[in-house]
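The data blocks that follow each hold one structure.
Look for subunit A in each of the two complexes below; its partner is subunit B in the first and subunit C in the second.
Entry: the complex of A and B
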């Protein structure tokens, strides 16, 4: 008796849910076809030797994972990705905050600066990659010509085709592109600082640096954490700019995780190892995301 | 909240003291602004020069406004085709993005749904899956379905990537709309779908603009999937095409490439200059919730 009642209740609930189900059905269908089935297939492919066409026949178990974990280039790409993330966290967020702070304090031509400083963010990574590839060009590139003009001609070099300079050159461009975003978000959050708090501190004779140190920066910590999370998740996926500027070269010197996966799959036709590498990458990403969320929660508690 | 932020960002005169910074800070800021703007400005200047003028000096200004490079880029280098494809792809993606995300938001925010949590996380889990993983299997799927090089092979994967952020944003927005509005419409005899179309859509218009900017930027700039999935060169998007044009320097010369880069770069710069407020609001919203 009770059971049938429960059953009827569930049926009733499902019936009432029909309009909602109709509305979400297209999305769920698209996700099944273009996300969940491919995702499941990725795990299958990672267990096979596969050239990118035909049936999956050559089962190799976990060999692909072993291959990736033994590939020095994989660790290099990993290291490069983390160098990118570290530099981005350190420089991009710091510079973004300093710019936001200067705008917050007030400056002549503020409207001009607001617009001008934001420009790099409006250009796509691909176009920026193309533009900066020309800027770094050894002969017609403005960078080398400027160096020669100011008497530092001996520093002029083929930035993107040298093992030592390719990655740093990309990182500089990357930071150039990400600063405006960090600046905008910092600015938005600095503006939510209660004015009377700052005024009170000023009346108590707190110097500018003291105000920055004891009021503004503590107020900004949650913002920095959010920007940190966005930076990490964004940079782990870095591909467009790297691919356009160097394709991970020369000799894999500027490979990041995604370009490593891409070139293994679509250039070397090693789809098994490439997919295995991307799954390892996902595990790392999820691990980092969980870690960051824990840090964020802990940070939030300390702040209260 | 984000609205007031964008207002402050765009306010012509801050009520902070304008001379609050020293002359040194001001000069440093000018330098930073120069570094931000100059690369693009340099590209634009080159695009109006002739190849000879450019090769002679990369610092000279064009002697006259010459549009030859743009003509070469559009016609010989197929920029017109790439641009057209990108407009179509982005337009179609936006329609799908906005319609389906609005449906999602309404269903999750206002309707009774059994297993709501399950479906919600089913959509959000996408955020944890990096694109490279599904790149190859999704490509195989598209080939299997026989839709390679069609609009569907672009639009649905783009929507798939956009759905989680779109859902979070529009659900948050709809949650703030009081249920009483819907209840009273129900009493007046409006059906679920009529309420969605007649009442909810007009109410969430500002959020739809935000979503259009975020989804539009995604679709317009996307590179990796377009690179993998499009094999027909006449279907190339601007992102893929611009890299192709760049590699043609040897045959068409530098200055048409600069023209192509100028066109590609200016699209969002122009939209930004005209709709700064909306733009800033959208990006702030996308970041805070994402």
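Entry: the complex of A and C
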């Protein structure tokens, strides 16, 4: 009797949910068409030797995965991606926070600076890449010219054409681009800080540094974690700026994971290893995202 | 119930809209609304522009061309994307490495019958309008890249590419230099230019980073390949052969001496041209189809001239190029006649004598002569062509996209920058070449 009741309840529930299922059908269709089918196709390609056109004929099994995992350039690109992420996390969030704090403290022409500092974020990555490519140019670029003007001509160099400087030059540009976003988010969050806490601390004689250390920074920690997650997921997809500035060169010195995949697929026409690398990259990205979510949750629980 | 009906209708509309968006649309129709034959054309040649296409459409009002330009650096990506979605354009530009891959995949139309028919103007056999050596050069690319075939006519050359050194005569005069006739004289000039504070030499862009070693190989390996009959295919020649290594070592020597610009690895055509026009770069190894910007923007103080790069081993200096720009027709085109008509027009006397942008190019056609006034400046290109062409696949670094890309994008930069040893570089090239041979079988 109880079983029949339960069954009837379930059926009733399903019946009531039909409109909801129908309404989410387009979303599921979009996911299937634009995510699952391409993914299945990509996985299939990763098992073949394939030039990007023609039939899939040459089945090689997991060889492409082995090839990628044995390729030094893959690890170099992997390392470069994490160097970019590490520098972005450290410098971009820190500088973004400092700028936000300065704006919070109040300066002359605050509105102007607020807008002006945000401008780099509004420019497209490709345009930024083109601009900075000119800035770094060893002969016509303003950076070397300025260095020479101020007597530091010995530091002038072909920034994007050397193994040792190509990646750092890209990282500097990348950080320059991401600071405004971090600054804006930090600024929005500092503004939510209860004023009475700061006033109470001030009345109790807390110095500016103490207020920053004991009130503002603890208040900002959840924001920093969120910015950290956004930075990691965004930087793992870094491509356009890197491609415009160096195409991963010279000789792969500034390759990141995405440019590694792109050049393998579309320049060398090695679609098999390229899709294998992109699937490995996807697994890594999912792993990192899960890890960050766990860390965030653990952080949240500790704060409670 | 009403709710359910509404939700079903909404969902159906959204899915319908979504699927409609995924359809191929009318873009691939071969006829326009007004009954014209529509063909799609993909080019990576800067010389082919909208004006040229308009001129063709004006002469052929029954054909409409859907023209798409992509720079040569992104051509491979664009073509692969189109081919993988069965959207290969009716007519497209291609180049040695891609050309053989495309033939092997059955993507190109055999145009031998058309070549034996009339040319665009209808006053000669189409095949006979090309400089014979140029067409042979193109056929040899197919033969070495695809093996024995019934036909080697899957495309036609667009312009006769030659490579020469462009220099500023005024700078030469200022430094007391003369046009070098031997390799030693060339190197002495480079040293003098460097001491005077200028960059001695560059190639037109980083996509041509392989030009110098290929020119050196044409000298160092010529006897072995052409006199002794050795070949890479049968293993008598390898990338570890002394002559091949010597070509690479010489390249490194030039880099180490500082004769090439610091941004050599990343400098594109515009950057190199600007460097030259600003007087910072003394000489640039450049093909005539890339001269337009320099010729049109050279300051009055500059006096341009060209000469053939002297042979490093004292042999007659042959030039790279020949049929390095190819136009081909898709094997799947629904309008082969219209597609071939466009290719005929592009490589016709009509086009080369009317299009302003082609004035610096060598047409590669027997019935077209260049403006004599330009011949003096561009004498180096004529001299380069007189010595003949270095076979495209002499040392097989352009035989497939994979080896070409690995050589240009990875191995040369890393070798010059000291990141990869000569031994590692040649071993890797040989490995890729061996894989290519296995795949070919």
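Just so we're on the same page, the second predicted complex is superposed on the first by the 273 of 304 C-alpha atoms of A that agree within 3 Å, B and C clash if a C-alpha of one lies under 4 Å from a C-alpha of the other, contacts with A are read in each partner's own complex, and residues count from 1 in each chain.
The rule we apply is simple: contacts are C-beta pairs under 8 Å (C-beta built on N, C-alpha and C of every residue); 3 or more make two chains touch, one makes a residue touch a chain.
Nothing here was measured: the structure is a model prediction, and the numbers come from that model.
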{"item": "First (subunit B), second (subunit C), both or neither touched by A:237", "value": "first"}
{"item": "Touched partner set for A:184, first subunit B, second subunit C, both or neither", "value": "first"}
{"item": "First, second, both or neither for A:126, with subunit B first and subunit C second", "value": "first"}
{"item": "Partner chain(s) touched by A:104 [first = subunit B, second = subunit C, both, neither]", "value": "first"}
{"item": "Subunit B versus subunit C as contact partner of A:160, first or second or both or neither", "value": "second"}
{"item": "Subunit B versus subunit C as contact partner of A:73, first or second or both or neither", "value": "second"}
{"item": "Subunit B versus subunit C as contact partner of A:282, first or second or both or neither", "value": "first"}
{"item": "Partner chain in contact with A:30 - subunit B first, subunit C second, else both or neither", "value": "both"}
{"item": "Touching partner for A:19 - first (subunit B), second (subunit C), both, neither", "value": "both"}
{"item": "Per-residue contact with subunit A, leading partner among subunit C and subunit B", "value": "B"}
{"item": "Subunit A residues contacted in one complex by subunit B, in the other by subunit C", "value": "19, 23, 26, 30, 33, 52, 140, 262, 265-266, 271"}
{"item": "Residues of subunit B that touch subunit A when the two form their complex", "value": "2, 5, 8-10, 12-14, 16-21, 25-26, 29, 32-33, 35-37, 39-40, 42-43, 54-55, 58-59, 100, 103-104, 106-108, 111-116, 119, 122-123, 126, 128-138, 140-141, 145, 156-157, 159-160, 163, 192-193, 196, 220-221, 223-224, 227-228, 239, 242-243, 246, 254, 257, 261, 264-265, 268-269, 272-273, 276, 280, 283-284, 287-288, 290"}
{"item": "Footprint of subunit A on subunit C - complex, ascending", "value": "3-4, 7-8, 10-11, 14-15, 18, 22, 73-74, 76-77, 79-81, 83-84, 88, 101, 105-107, 261-267, 271, 274-275, 278, 280, 401-402, 405-406, 409-414, 417, 419-420, 439"}
{"item": "Complex contact set, residues of subunit A against subunit C", "value": "18-19, 22-23, 25-26, 29-30, 33, 49, 51-54, 73, 137-140, 157-158, 160-163, 246-247, 249-253, 262-263, 265-271"}
{"item": "Residues of subunit A touching subunit B in the complex", "value": "10, 13-14, 16-17, 19-21, 23-24, 26-28, 30-31, 33-35, 37-39, 41-42, 45, 52, 99, 102, 104-108, 110-127, 130-135, 140, 142, 145, 176, 180-181, 184-185, 187-188, 191-192, 226, 230, 236-237, 239-240, 243-244, 257-258, 261-262, 265-266, 271, 274-275, 278-279, 281-282, 285-286, 289"}
